[in-house]
Amino acid sequence: MIKLFIKKELLENIFSFKFLIMFLLMFFSLNTAIFIMTKDYKARLQNYDILKPSKNEAFAITYPTPFSIFAHGLDDNICNLYQITFGGQIETGSQKQAINKIYNFFNTPDLLYIINIILSFCAILFASDLITREKEQGTLKLIFSNGIKRPAFSLGKWIGGYITLIIPIVLSVLFGLIFFIILAKIPFQFSDFIRLLIFLFFVLVYLAGFFSLGLFISIVSRSSAFSMFFSLIVWVSLVFIIPRSGNLVAKQFINIPSVQTIEIKRSQIFIKAIFEYINSHYEKSKIPQGIINQQNDKIREDYLNKLNAVESIARKITSISPASDLTFLCTDLCNTGFREEQRFKTFVIMFKEQVKNFDSDSDGNLVGDFTPFSYARSPLSDFFNLAMMLHFSILIMYILIPVILGYYAFLKFDVR
Amino acid sequence: MFKELLIKELADKIFDKRFLWFTILCMFTLLITESVLLNDYKTERNDYNLRLLTQKEFIDKYAHENRIGDMLDIQRPPAKLRLFAAGISSDMEVNTFTNNSFNVLFPPIDFVLIITVIYSLIAILFSHNSFSGESENGTLRLILSNQVSRVKLTITKFLGGMLSIIISLIISLAIGVIYILMDNSISLDSNDLMALGLIFLLSVFYISIFYLVGMICSAFTGSSSSSVLLSLFIWAVFTLTIPNLSPWVASQLYRVPSINKFEKEVKIIKGIERDDLGRNLCKEVYEKYPDLLNIIKSAKDEKLLLAKLENNIGLKNEYVAFQKEIANAWDKANAIQSAKSENISVDFFSKVDRQIALTKEISCISPVADFSYAVSDMAGSGIHAEAYFKDIKKNFEVSLWQFVEARVAKIKKTDVMYDVNKYIDIKDRPEFSFREENVSGRFSATLSYCIVLLVFNALLYLTLIRQFNRMKV
Amino acid sequence: MLQAIDLTKRYEDQQLALDALNLEIKEGEIFFLLGANGAGKTTTINLFLNFIEPTGGKALINGIDVTREPLESKKYVSYVSENVMLYGNFTARQNLDFFAKLGGKPNLTTEDYYMRMREVGLQEEAFEKKLKTFSKGMRQKVGLTIAIIKDAPNILLDEPTAGLDPKAAAELLQILVNLKRQGKSIFMCTHDIFRAKNIADRVGIMKEGRLVMVRTREEFLEDDLEKIYMNYMQEMVIEKS
Amino acid sequence: MLQAIDLTKRYEDQQLALDALNLEIKEGEIFFLLGANGAGKTTTINLFLNFIEPTGGRALINGIDVTKEPLESKKYVSYVSENVMLYGNFTARQNLDFFAKLGGKTNLTRDDYYMRMREVGLQEEAFEKKLKTFSKGMRQKVGLTIAIIKDAPNILLDEPTAGLDPKAAAELLQILVNLKRQGKSILMCTHDIFRAKNIADRVGIMKEGRLVMVRTREEFMEDDLEKIYMNYMQEMVIEKV
């Protein structure tokens, strides 16, 4: 009997106006995102070739990961050019965000953004009128005038609805993958495909959460208008309000100095050291690089600890909403997340220590043989840790709780 | 007749339970954001003052001509109205190794987000059934069976609905402003309040766009269920996708070489090329003074060379002339190269400006982008505000340099042994003070965006009237 | 006085909705228009209310051509729709007040409303209750009250008794009889074939957009109206069980 | 066989919807249940279909207590609702197919559907057309086809003729007569007081949840059913024009 309901649900939804609208929106947004991000990835790859350090230049840079197409995250920071200058200071090359300020206004439209906001919008709206429409149409009365168990119908409705939701997504993503990535010869290894599969699995779990939420709201609300209205409120709070206020709220607990203050302290250390050296009429043997380096390290250390503290609190606060859970999960999975950036920075600092004890010739190149900077993104095995488990379990919870509550609510559902 | 229709529409919306729910949601969100942003602003202001202080002390102790520029990095104070429009956060402006990357993953929530996402949703949910709902329950025919022309009905429906949303907007905005005024550590002067008023007006025009979209869909489809889907589709495309895509699409349409490529070229021009040019210019000079050359070569070290030149006047001024020619050879090389790099950078930055202009044009098709740029500029945290600050900063730096040069010239007269790294006392230097642009300046900057928003409203209203006239009642 | 002169309406898809209707309803007359769904009944009303443009002929209300002066003509007609819903969130008073003002009667006192409601058979307690709590019959009566309040010389009714229980339907038609006595000309499309006998002055039957039959009360009083209707339809004849 | 024994239903707000209904409808019998809106007609049907719990008494379908074995009882009853919408995006075949399977008839061929549709008077061309293009009368007939396909011994109809034009209504009731001859027991709530004469075996009138009158065909054959209905309502008596 459930099979019959699933078939009917599929048939009914696929020909509905709602499905057409949803399919267009998903197809348009997913594919433009993939198209744009692949182009951007290619441009950044060329950029890397330009900036690649020659044999003994003191530069630290790594190539962009193809996964930045799926979750751009902080890849711009990771792929930036870091030059180790006098006294162990780390200067950064300029970025496109710096010139065209408009980039800072809106999130980068990568696949994660589209899934996080637009697909969850479609999922909860699609599910929000599945039950109420049948009730207003009178077909619910007709169905239950036959000997049909309530769970059979609600389960059939859940599975049928979810499949109709997932078909357009999988089609659009496949279309996007084929046209923009495989044809564009983006270098993908085998382990990357596993990572891609996990990414898609997370997406499906995330959308199943919003789908069951929408279905539950449809069961408990009186009319279609009310259920659509209420699901929009839930969507706005989960996707916009909680994730975006988490960061600000976390800052209240730990007062973290602004980046400009750190910059000013750093330059003051440098200027003070040079000034004292010069005015002491060259008595000291060498320019006090050691002091500069050591003081810089102290400031940076202090700032990074504070930043990690803020991040962990913000992560706890925002992890109530599935949207930020998905962001943390996918950015960590695609090696463009917060954890990856910290790891990259520790590598750069280690490289700096190594560069320190080489002296440079007139135009800045290092003398003697030294191993240039090299960095490999963290392997897949690193990804599976406790924090990931926490986020993933919250996503699963967003599926289970509405389904269980919906199951019991539907038993008492007034069919009239 | 007009009044009744208006009052009925207003009453119909205000007594609707959804109105209550939404106003509470907005009030609650705005209160949280304001309280959090206020603390954020206060910490940032203290941070800014601390910076000024450390800078001042440092300069008073270690000022020397060579590094005055680095020491005196003039900072922009956080704009007061950043409480309402976060715009470009200060951390984003600086491109450094230790940066706060958390803002990149989760941009902060502010009043602009509440308007662009929550209030535009309210507008659509209130307006999607304005015609289809009434035609489904038969009241549209009943109204039109009276002496009510269709145009009048559209006007009253639009004004009535918008009035109800404006009331809810006033309530939530008032709560935000009162919360800020209560806190005495920050004082909003007339300039800010006027800017806030203009921001309020801009948000009303923005919300009315989506209210009209909802009405058009309702007149077009005639059934509430499909009209809400159509209007939410349009909302999702214009609010969630187009603004984010516009900078990236612009960069595809109008290719600009990456900044790193440009910097590398400039480095080469100023670096290796300049040295080669300089060396072969010096070679010509060397041929002119062959004998002087071998003297220099034979002298072991500088002191010996100086002693030799002292006693032979002819050789000395020849050596001086030689030095001068070498110097201007290098200057010539420098001039040529810097001219070359100059026109490359002019060409590069004109391309960048054209790309920024193109981005703005593309994003103008989405009201969200217009609205965000306009409000952030109005609040003093946008692109224009930054450019305004840079001009003031440049003028101040010019005046500062004049002051420093005058001081250095004075010192040079008295102290022969002066060199660039010697401490100079410039405690009485001009103090940098920055007052945000007055409202009329900000308004003229955002004028183009306001006009685009108004054009949107006008076009949508015309399509609404045409669509409703064709609607089968 | 309602007049239709060669009134025709052909939709874009060439489907002929109304074929040269000639009809005149004088003051103090109830005209029943019978016919299957899609026979052109509602199209006639839409043409009279200028909701759609006629492709030929004219529709006159009190001599005013509806297409030439649409707003002016609407002063002389009031309309009761089939499924009267009005505004569920508003109370009866708010609904009546709103539509009275629309109908050109801005300053009516509660006493006026009570008087009209008694005429229609609605109790005073209903006055302050929200309309969504009303039964279908009561909502239909509020619709009729609105028409009465407007006090226009012509009244157009589109299936007023559909879905009403016999008592409510009988009461409703009784009110139409009183309005007829006040000199109103009443045009009613309906399926309520059995009550035509006691109420209608003239009965017309429409089939596929053409008025196939018009009978006055005297002519159709003896014979069985349902059988006449069926013959015109030349379809099934009713077998008794 | 449909039986109601002291069936009562009192809602939370103490409003008595049904007051100790005792009713028995044998095979091959059409029972018309008349009454105003809210008199308890729909509540009776909802109780038979176990959509709501009775506060007293029992409802039996073919002897099975509806509350004790709800799923089993539903095998012996089919239901036609007032406003049959079904799935607008599906064709008639898809709708019939879906609800036939729900009713337990899984492998019906196209001819079975055609045969049932002819019984109801629906042309074959309508089979593949989307339901949203159907008129109200045709949709009502599809609803009836679904009931016939299920072939349950008892049929519950909730105002099937509401809003139908006289021809469609007559055809519909004619089908009920054929079903009665096949031995089905039919309970029909309706306002169609005038057609009761030629169709109903027994007529019951409900007022405020109580069955105030039951008359067999012989008893009510001569006198005017509308007058009887009105007397029971003790409200207005019909004045002739």
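When the chains are written out, they are named A, B, C and D in that same order, and each has its own residue count from 1.
The rule we apply is simple: contacts are C-beta pairs under 8 Å (C-beta built on N, C-alpha and C of every residue); 3 or more make two chains touch, one makes a residue touch a chain.
Everything numeric in this text was worked out from a predicted model, so none of it was measured.
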Contact steps required, at the very least, to link subunit A with subunit B come to 1
Outermost chain relative to subunit A, judged by CA means, is C
Of all chains shown, smallest offset between own Cα centre and global Cα centre goes to A
Chain-centre distance (mean CA atoms) for subunit A and subunit D, in whole Å, is 58
Whole-Å distance, C-alpha centre of subunit A to that of subunit C, is 63
Subunit B and subunit D have mean C-alpha positions lying a whole-number Å distance apart equal to 70
Touching at least 2 other chains, the residues of subunit D are none
Subunit A touches at least 2 other chains through residues none
Where subunit C touches two or more other chains at once, the residues are 82
Contact graph of the chains (line, ring, star, complete, other): ring
Pairs of chains in contact here are A-B, A-D, B-C, C-D
As the complex stands, subunit D meets subunit C at residues 34-39, 135-137, 159, 162-171, 174, 177, 180, 191, 193-194, 198-199, 226, 229-230, 233, 235-236, 238-241
Seen from subunit B, its contact residues with subunit A in the complex are 18, 21-22, 25, 29, 32-33, 36-37, 39-40, 43-44, 47-48, 50-51, 54-55, 58, 62, 64, 67, 70-71, 73, 75, 87-92, 94-109, 113, 117-118, 121, 125, 129, 224-226, 228-230, 232-233, 236-237, 240-241, 243-249, 251-252, 258-261, 263-264, 271, 352, 355-356, 359-360, 363, 369, 372-373, 376, 383, 386, 421-423
Subunit A contacts subunit D in the complex at 4, 8, 11-12, 15-16, 137-139, 141-149, 414-416
Residue set of subunit D touching subunit A in the complex reads 46, 49, 51-52, 70-72, 74-75, 77-79, 81, 83-87, 89-90, 94, 98-99, 101-104, 143, 146, 150
In the complex, the residues of subunit C that touch subunit B are 46, 49, 51-52, 71-72, 74-75, 77-79, 81-90, 94, 98-99, 101-104, 143, 146, 150, 156
